[in-house]
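Below are two complexes that have chain A in common, paired first with chain B and then with chain C.
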Partner chain A sequence: MSLLEIQDLSVVYEPRGAVPTHAVKNASLSLEQGEFVGLVGESGSGKSTLGFAVTRLAKAPARISGGRIVFDGTDIAHLDAEELRTQRRGGFAMVLQSGMNALNPVRTIAHHFGDIFAAHGHVPKARRRQRATELLDKVQLPSTVLDRYPGELSGGMRQRVSIALALSLEPRLMVFDEPTTALDVLVQHAVMDTIRELQAAEGFTAVLISHDLGVVLESAERVVVMHDGEIVEDGASRQIFSAPAHPYTQMLLSHYADPRAEVVELPGFERKAPQDGAARPERAAAHDAIVVDHVSKVYPPPRRGEQAVTAVDDVSFRLEPGAAMALVGQSGSGKSTIAKMITGVERPTSGTVTFGDLRVDRLRRRQLKTLHADVQMVFQDPYSALNPLHTVEYTLTRPVENFAGLKGEAARERVLELLETVGLTPVEQYAAKLPHQLSGGQRQRVVIARALASNPQVLIADEPVSMLDVSLRAGVLGLLEDLRAGLGVSLLYITHDLLSARVVTDQIMVLHHGRVVESGGTTQVLRFPEDAYTTQLLDAIPQPARRFADGQAS
Partner chain B sequence: MADTTADMTTTATPATADPGGPAPEAAHGPKRPARTRLGRTGQVLGRAFATVWSNPKARVGLVILGLFVLMAVFAPLLAPYSPHDDSFGRNEPGSAAHWLGTTGAGEDVLSQVIYGARVSLLVGFVAGGLSTLVAVAIGLSWGYLRGWGNDVVNFLVNLFLVMPGLPLMIIIAAYLQNGGLPMIILVVVITGWAWGARVLRSQTQSLRSRDFVTAAIFSGESSARVIFREILPNMTSMIAGSFFGAATSAVLAESGLSFLGLGDMATVSWGSMIFWAQNSMAILTGQWILLFAPGLCIALLATSMTLVNFGVDGLSNPRLREGTGR
Partner chain C sequence: MRYALRKLGLLVLTLWAAVTLNFVIPRLMPGSPADAAIAKLAQNGPVTPSVQAAIEAQLGMPGGSIWDQYVAYLNNVIHLDFGVSYTFFPQQVSELVAGALPWTLIMVGAVTVIAFVLGTLIGIGAAWKRGTWMDSLPTVGGSFLSAFPYFWTALLIVFFLGYVLGWFPTSGAYSATAVPNLSWEFLGDVLYHAALPAATILLTSLGGWILGMRNTMINTLGDDYVTFAEANGLRGRTVAIRYAARNAILPNLTGFGMALGGVVGGSLLVEQVFAYPGVGYLLFNAVTNQDFPLMQALFLMITVSVLLANFLVEILYGVLDPRTRR
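Showing the complex of A and B:
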């Protein structure tokens, strides 16, 4: 008999005063003891809702509206809280996406373990510390961590602690909900390795919920694909990778490529800008270069007695008019700080930033408007970059009035033209919408339209697609490419995602601890990396192709 | 809530003439003659009212508050006599002619209670509104702008926060003796804005780091516009909450000052009724209703506004406002 049997499960969200949403529709799934199953889907596919329902962590307004969840012979779909609590030991545990924030900041790690041991009483007092050390050892943390407070640990360490805490009840089923999404690229890779090794050693059944098919294919033996609340495909990883049956799976899979490959293609994305920069596009918006010369940025020490933080260390580069350059590196590598200095938000500690004749590092607050007429920014998170209370039209009208000086009907025409440019048609309809009525990709298009309102020469895109679903990424990247080809704007593309850097940029700079470790043509650097750090970044990208090609698949 | 805001704007006119009531027009936001905007404002107010109404506690509060507002507006029609008419017998118990009896000076108690609602509501809404305006203007600019001015404002606000409110009120009121209602309003505003300013400042600080604020700066917006068009609308619930909080304490402060004999004793308010009742030792003569009726009204009015605040709390939940976003 299988360990977990989900039969015809439906979950519905019933928020007060809103239309109920059927997040999971008649899902059926069975998990065997010791299996490693990946649950993949884009946002809104119901994958997390299913995971929460399975561990009975679903809270109002979510409600299990039908079906059975049989765990080890008992139907847990309708157990009460106390019965559930006892079930958690030796039963099921969950590691959350924000698990690293789930630790109480005023209690040491040892306290966290103590609480669980005390609540279930399965470890005698004298052995608790020893047991906690064993558990930490399993997630590759030293026992010294026990006396630390959560704030003293890095994100990756905290996520490991929360995995160890979940393990402390010796669960037979572990659900990992996007366990690495909130972590840095390099750390992500290491934590996934730990999870994989742990699963192999402990033999529990693991469910890995992720939006990233690449990560799942690399780790799981079996993959379940969800779309719109329904399970559309369920099969062995190798089979899903080589012969996906459902069109949705095929679409997801088509968005993965190896940035090291000779030719990289993404569906729905077409390279339009001239690669070598020799042939100029018909309209050349950009005629000034951004020159960053020996720039450093040192932040004062966070606390007295600590060392000052050097975010950017002696970086020089030149962004030619009409060029596309990528700044890549893990979080904390200083790439966003560089963007802030170029846009005048921060001032460099030393060195100069010039744009045309403008000394950006010496601009006063009032003069920033002059700079922002030419240098505009596309933000990372389209959900927070738009004021939830303003319509799209208002958001776009402001920069049009401020920079182009257009008023009334002329401004409105320009706004509609901008919406047309970013492909939000019918324009009249989109103009009247509020941000929450738009999808993530549509919001990002509005953000791009706003950046274009001043007819800028340079666009600085800070991880513009990292918050979007894969199926939407190609569209937004394609739009950036169109703008470069059509309008001739320069593009500074900041990212940790080497694949997208490969497709939209010509030049690349790899940053590590604020220093440039490698730079050159994007294709050249990514195909034949010289610095060890670049190689490390490249290796951190999930490569299902390599796993299956090497024949080491289980 | 629609009535109360209307009431606030109409009653605010005499108070703005008051030199001590700094009422920056900034908080109103730039008014544009666009019809659609007016329509949308109406829609937003309607939705806000519906949100507050959907909370059972707030619904009770709104009903009580509405009754008091009606009582104040229609006082001349409702009251059987003039509140100053002292031609009746003294210290009469309740009767068909005088439901709640008469005072020691021979005035009708019921008429006084009904007219007293005018003073309490006027002081509550005007003083509450003015101190909220001050709190918004100071809290928002304090939270948004950076520089040395910040420390100065910080010092000032802390000063007003650590000074005990009632003694300060009594001292100011004693200095401005016989100033009438405007004096009381001024005293309440001076002692009441600091708390709201601090709350709004911290919210502003958390909102200013949001991407849409940075994006507005990139759109070439001036600081004032960023503060009042981008940040302010995202705090309406908090501002509404601080308004009702300030109005409640203004009602209580007015009653307290009048009861202590520091207000204008010629005006009929619930506080001054209790003052006179206390002076004529109403409890000893068995006329407890003289203390009880205005006291209950004060308590009910304060309670109703506190109850409304429960619904305003619901407004401040971004998920309620965002609807099904994300």
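Showing the complex of A and C:
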């Protein structure tokens, strides 16, 4: 008998006063004891809803509208609250996406363990601390963590603590809902390793929910692909990797590539900009270079008695007009601080930043406007970069009026032209929309259109695609490429994602602890990295191809 | 511990600043109490210089340099010597304040604390049982009651319960015939007299606490640590109290601190309506009679009570929220 049998399960969202949406439609799935299964899909595919339903954590307005969830012989879909609660020990556990928020900020880690032990009474009082220490040891944390509050731990440590907490239930099924998505690249890799080792050692059934097919293929033996609430494919990882049957799976898979490969191609993305200044673009918006010369930024100590933080340490580079350069590194490497100094938001502690004749590090408030007409930012999160109360037209009209000085009909024409440029057609329709009526990719296009309103010479894009589904990424990257080829703007591309850096940039700088550890042509650096840190970053990228090529996987 | 000491140091500093301001501001105002008294007398006939000198002496007009005055003033404040009241001459201001303060602290202070605790508990229940009658009844009732201006509620209560039905006394802190002592009989009499003003404050402030707690707790109920606690099979009560409510109460503490600080100064209207002999009542008399020493002492008291309440809440924050201790 299977450990978990999901039969014809449907989950519906019924928000008050809105049309109900069927998030999961007639899903059937069975999991054997000890399996490691990946559940993949893009946002809105219903994968998390399924995960929450299976662990009976779905809350109103979500409702299980049909089907059975048979766990170890009992249908848990309709258990009452107390029965369900006691079932959780030795049953099914869940690790949430943002482990950093999964812990109660006002209770120590020891209390978290104590609460679980007390709720189920499966560990006697005298043994609790010892047991908690054992569990922490399994996720490679020292016992000193016990007396800390969640706020005193790093994101990766908190996610490890929440895995240890889930483990303390001695579950037979563990659902990991995007366990590493909110974490830093290198930490992600380490936490995934721990999850894999734990699963092998403890033998629980693991369900890994992720939007990242690469991560799943690297860990799971079996992959279940969801699209629009339905399970569209279910098969062994090797088979999904080498011969995906469903077009949706094929599409997801086509967006994976190794940034180290000789030729890197993404579907829907075409390389247009001249590489290494071979030919000039049709128009040359950019004619000034950004010169960053021996720049350092030191922040005062966060608390008394602590050390000052050196965010950027003696960085120099030159962004030629029309060039595309990538700044890569993990979070805290100083890449965003550099962007802030180039846009005049922060002033360097030492060193100079010049743009054309402007000394950016000395600009006054009024001169900043001149700078911002030429240097514009595209932000990471398109969901919070747009005011939800304003239409697209309003959002774009403001910078058009402020920077270009256009009014009335002329301004409107320019707005529509901008929408055309970023590929949001029919333009009239999009102009009238509010942000919530747009997808993430469309919103990011609006953000880019807004950045273009002043006819800038330079675009600084800070992780512009990291919040987007893979299928939308190529489109936005393609747009950045078009802008460079068509308008001739320079691009400073900030990311931790080496694959996208490889396709849209010519030059790359790898930052670590605020220092440049390696720089050069993007292709050269990524194909033949010289610094250990660059190699580390490259190794952190899930590479299903490697796993299956080596033949080490089952 | 270091956190508490730091806050204590800050309290001493702000106290000194408040006391100093209380010294400076009246001296920046044109005219003096003596001028006011003389002007009043002048309406009945000419005031001779000797009368003027007598009045100034009687009112204890300060002499000497501003520095001497400041040192003398600080000395007086430390010894709680605020001079003699004009209205209740020759009673000491400190005696008057000492007579009024307990009534306000006990009646208004206790009710404020009770309202906060009760409202918070009801708010927790409402959020936990969201969407049921346990939620809708207190939230709708609470918003209805807190929509009334509280002096209006006070007037309605005095009129119906006190005047028309005659169930409760309408003025004073205890019966005119009672002699203050520590007998059960006297305590009962005090509670009986406090019932109406207390009910007014409770009714009008309860709704705010209920709504505040309910809304913050609805937010924390959606937080990941609550979902995770449920996923780990913790008991409903543990999740509601130690996880959701424990975090939801933090933002409400600020409001509680402000309410506590307002106890001394904010009871003016209620005490006026119910003729309750507390600080608010005293302050009203002081203002209408231009009783400067009394006013000055009361203003200082109000400032100090706000500072103390804030200090208390910050210490409470330190105890309840590990993130503030750093």
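As a convention for this text, the second predicted complex is superposed on the first by the 554 of 554 C-alpha atoms of A that agree within 3 Å, B and C clash if a C-alpha of one lies under 4 Å from a C-alpha of the other, contacts with A are read in each partner's own complex, and residues count from 1 in each chain.
Everything that follows uses one rule, which is that a residue touches a chain if its C-beta (ideal position, glycine included) is under 8 Å from a C-beta of that chain, and two chains touch if they have at least 3 such contacts.
Since the model is a prediction, treat every value here as computed from it, not as a measurement.
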Quiz item: Looking at the overlay, what does A:Lys407 touch: chain B (first), chain C (second), both, or neither?
Solution: neither
Exercise. Would you sort A:Asp115 into first (chain B), second (chain C), both or neither based on which partner it touches?
Key: second
Quiz item: Touch check for A:Arg347: first (chain B), second (chain C), both, or neither?
Solution: neither
Exercise. Could you look at A:Arg85 and tell me whether it touches chain B, chain C, both or neither (first, second, both, neither)?
Key: second
Quiz item: Should A:Ala453 be classified as contacting the first partner (chain B), the second (chain C), both, or neither?
Solution: first
Quiz item: Which partner does A:Ala385 reach: the first (chain B), the second (chain C), both, or neither?
Solution: first
Exercise. Kindly classify A:Arg359 by the partners it touches after superposition: chain B alone (first), chain C alone (second), both, or neither?
Key: neither
Self-check item: Which superposed partner A:Lys125 touches (first chain B, second chain C, both, neither)
Solution: neither
Self-check item: Those residues of chain A which chain B touches in one complex and chain C touches in the other
Solution: none
Quiz item: Okay, in this complex, where on chain A does chain C touch?
Solution: 55, 57, 59-60, 81, 85-89, 93-94, 96-98, 101-107, 115-116, 118-120, 149, 151, 162, 165-166, 168-169, 303
Quiz item: In the complex of these two chains, what residues of chain A are touching chain B?
Solution: 15-18, 21, 343, 345, 368-369, 372-373, 376-377, 379-381, 383-390, 398-399, 402-403, 435-436, 447, 450-451, 453-454
Quiz item: Which positions of chain B touch chain A when the two form their complex?
Solution: 54, 210-212, 214-221, 230, 233-234, 318, 321-326
Quiz item: What residues on chain C touch chain A, complex-wise?
Solution: 131, 223-225, 227-236, 238, 242-243, 246-247, 250, 320-323, 326
